[in-house]
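Going in written order, the chains are labelled A, B and C, and every chain counts its residues from 1.
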Amino acid sequence: MRLSRWLWLGLALVVALILAIAIGTISVPISAIVDAFRGGQSTPAVVVRSLRVPRVILASLVGAGLGMSGAALQGTMRNPLAEPYLLGVSGGAAVGAVIATVLGFGFVFVPIAAFIGAIVAVIAAFFVARAAGSRGDARVLLMAGVVVGAFANAAIMVMLANAEANVVRNALWWMMGSVADATWPQIGTLFGYVLVGGTALVLFGRRIDVLSLGEDAAAGLGLDVDRSMRDVFIVSSFVAAATVAAAGLIGFVGLVVPHIARGLGARQHRALIGASGIVGATLVVLADLLSRVLRPPAELPLGAVTALVGVPFFLAKLRHLR
Amino acid sequence: MIRFDEVAVRYPRAASEALGGVSFSATNGSLTAVVGPNGSGKSTLVRALIGRVALSRGAVHVDDRDASTMERAELARDVAVVTQREELAFPVMVDDYVALGRFPHLGIWRSAGKPDRQAIAESMESAGVTELRDRRIDALSGGEWQRVRLARALAQGGRALVLDEPTTFLDIGHEMAVFELLNRVARKGLTVLLVSHQLNLVARFADRIVLIHRGLVAAEGTPDEVMRAEILERVYEWPLVVTRDPAIGAPALVPLRSR
Amino acid sequence: MLRADPPSPYRPSVRHLRSLIQGFVFATVLVGCQRSDGDGAPAADLRDDYGTRIALMRPPERIVSLNPTTTEILFAIGAGKRLVGRSQYDTFPDSAKVVPSLGPALRPSVEAIVNAKPDLVILYASDDNKAVFDRLRQAAIPTVAFKLDSIEQFRRDTKILGQLVGDTVSARIVVDSVSATLDRVRRATSSLPRPSVFLPTWYKPIIAIGGGSFMSELLDIAGGKNIYASALTPTVTVTLEDVVTKNPDIVLVGQTDSTIQKSDAWRAIPAVRDNHVKVVDFDLVSRPSVQLGAAAVSLARLLHPGAIP
């Protein structure tokens, strides 16, 4: 992708960040934003520093992680409908979060439980695929992920069916996704995952280029196909699980963003994954902004807004495919 | 240079072996063709070579080294394999596609240098696809794509070329062009091992033919030795005659109407 | 129904008040019960908060009350011994715990209710309970539903409950006693400056008490100003930013070691940062029942220390 395109992408992200910081229940002028960074104590400055900046940073990290994860998975599985929650990440994370909520653990433990749940689900998907006799066959793994996800949904319904109204509300709210509760420790953890995981995925880019030729052809070019696929699955799932732990279930981002990046001209996977990171960050930051302004003073759930924004994009893409 | 030594393969949950102990060699500077009816195990041989199926017995040797003990990238630098099918989910440009052939040499880290770019250019020239350089793969015809795949294999720069049905989708002219290219490449010293349906073309260009039937070698030798009506009729289970056209100088198979 | 923290033990001072009322009611019932209900006339004829008419031929002897407020009111007007079933949340007064629990207050099990063979069932009038309401009526079990969101509804529904159980005198005593306390508190705080108050009942998402809730009325009586009093609903979902903009003087929380005080984001509210956070006994304050008076007193003591002796 040409350098100018990269610059435009970066600029779009910066503009989105500024808009998201400035706009909300109160409009914050640029002067107040500057004041906030200098430690001002006026209400707008405090709002910016304590509330908007953390959530905007969390939103961009979530978007970057999901975008990169989605791009890597689509190339590896040679499937334009692949997305980061594929291997049971969303189902497993939801089960973990609901268990923590039902058992009455504090809000602090829900993200940890969600992360563990996601990883357990991915491992379960691998085992299911192995039991079905595949050797890393992408389609069998996909189906195993669907199976694990279905099981997780059933488990969630059983747990919530007889739970108290409060528990159900907590669980639902978590599942709908939100960056409203951004805390700096959470941001730091997610930053670590996205930085390390994202770098790894970008470095896997060439391997994914080879993988996208098909498994036999990739083997013929000297790639250890099973190991490369496994590496991509593990890293993407960890990154996706980390985003879910931090912000709940944010759908559609990992699915749509790689297509947008491809539409912008990124072809080889190194560039594609990197561009998907930037596009994903921009998309989620804008979605968070929308979630705050569409129905004041309440917020719409972030996961709902990303789906609403993602659907028209996807429809446009489908029409273009024809 | 490539030697199959009593290679046997059984697919999981299969009733019988796909390959029941196949032995033959393909030597430097020659074109060896593997032929046989559908389902005889020809493609399995190729997959055994690149390690996509597990061998239940025997071994594949490349230059007297067991292929299963070689590191994959090392094997890929030596032996370029073009499989029968490829599924591309996303559009790729032809020049990026051919450039992937250098992956065994470049690995994950290095960028393409002058020798790499030269190899790519030369291979595209040999395969006759240089003018397709800026096209998208999904915009090519079947034949054009086959030749681009051939270019990629040549770009791998190995001493051996293994191809599984490389002339599918090709019309007569392009088919001949491919076989002539493979012949030239073999004369230059490469080992060419090819799986093909096209008995008559194989008979004209191959130095040795290996006839596979139900996972076993039914016949092996020069085209004259293998292209015999009694052998071929038994294997293909169809009445045929073998003629020899003086213009061509090689045996040709003509299937008859069923009795 | 609005409960963010686990309940705390009943306050002794109110228990004394309760015993006084019950003793007085018992005496009055002995004297006046015969006179207030004529023989041969229907014992009660009125509408509940679903709008349904209910006609009881005689006072009920086996009552199922699936609502902490109505259970408490029934005990206060002396009808506690007629209870044969309660919801799992009805734990006040202590004597209520002896009554068998029939499960949740929202969407309770119809079977469990029918098994208790009640001749009157009292439900909370929310949409969730409509289906159960209809099923019970189809089974010919007299059922009423009460909303109980505001202080006026408390007054009205207590009187209706009194009519239902055939003891309007006790009901009136309870209502008057509560009204008297509320008036006393209002008079004590009316001339004092009114701090603005934020009272959240949930944190994820942030749900605040709105103007349509009795709690907002209590805040007003206690000399405070609910920052969301303009919202007409009992609760309103808001964002942290919105609260920061409204800048309340005082934030009320349910327990000392709450989420708010541990969170950095909440410190954007100046009241939290400057530690103007006061702990309110949610259990006392969360039901518009006979404790309304005591609730108003406790709130007034938080907002205006020293104003109420």
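In the analysis below, a contact is a pair of C-beta atoms (placed from the backbone, for glycine too) under 8 Å apart; a residue touches a chain by one contact, two chains touch by 3 or more.
This structure is a prediction, so every number in the text was calculated from the model and none was measured.
Student: When you average C-alpha coordinates per chain, which one falls nearest the overall C-alpha average? Tell me, please.
Tutor: Closest chain centre to the overall C-alpha centroid: A.
Student: Looking at C-alpha means, what's the farthest chain from chain B?
Tutor: C
Student: So how far apart, in whole Å, are chain A and chain B when each is placed at the average of its C-alpha atoms?
Tutor: Here the centre of chain B sits 43 Å away from the centre of chain A.
Student: Distance from the CA centroid of chain B to that of chain C, rounded to the nearest Å?
Tutor: 84
Student: Where on chain A is chain C touching in the complex?
Tutor: 24-26, 43, 46-47, 49-52, 54, 107, 164-166, 169-170, 173-174, 178, 180-184, 292, 296-299
Student: Any idea which chain A residues touch chain B in the complex?
Tutor: For chain A paired with chain B, touching residues are 74-75, 78-80, 133, 203-204, 206-207, 209-210, 212-217, 219-224, 262, 267-268.
Student: For a test of understanding, state which residues of chain C touch chain A in their complex under the given definition.
Tutor: Spelled out, the residues of chain C in touch with chain A are 3, 104, 106, 202-205, 236-242, 244-245, 247, 259, 263-265, 267-268.
Student: Within their complex, state which residues of chain B touch chain A.
Tutor: 12-13, 47, 50-52, 72-77, 80-83, 85-93, 96, 100-101, 103-104, 106, 108, 156
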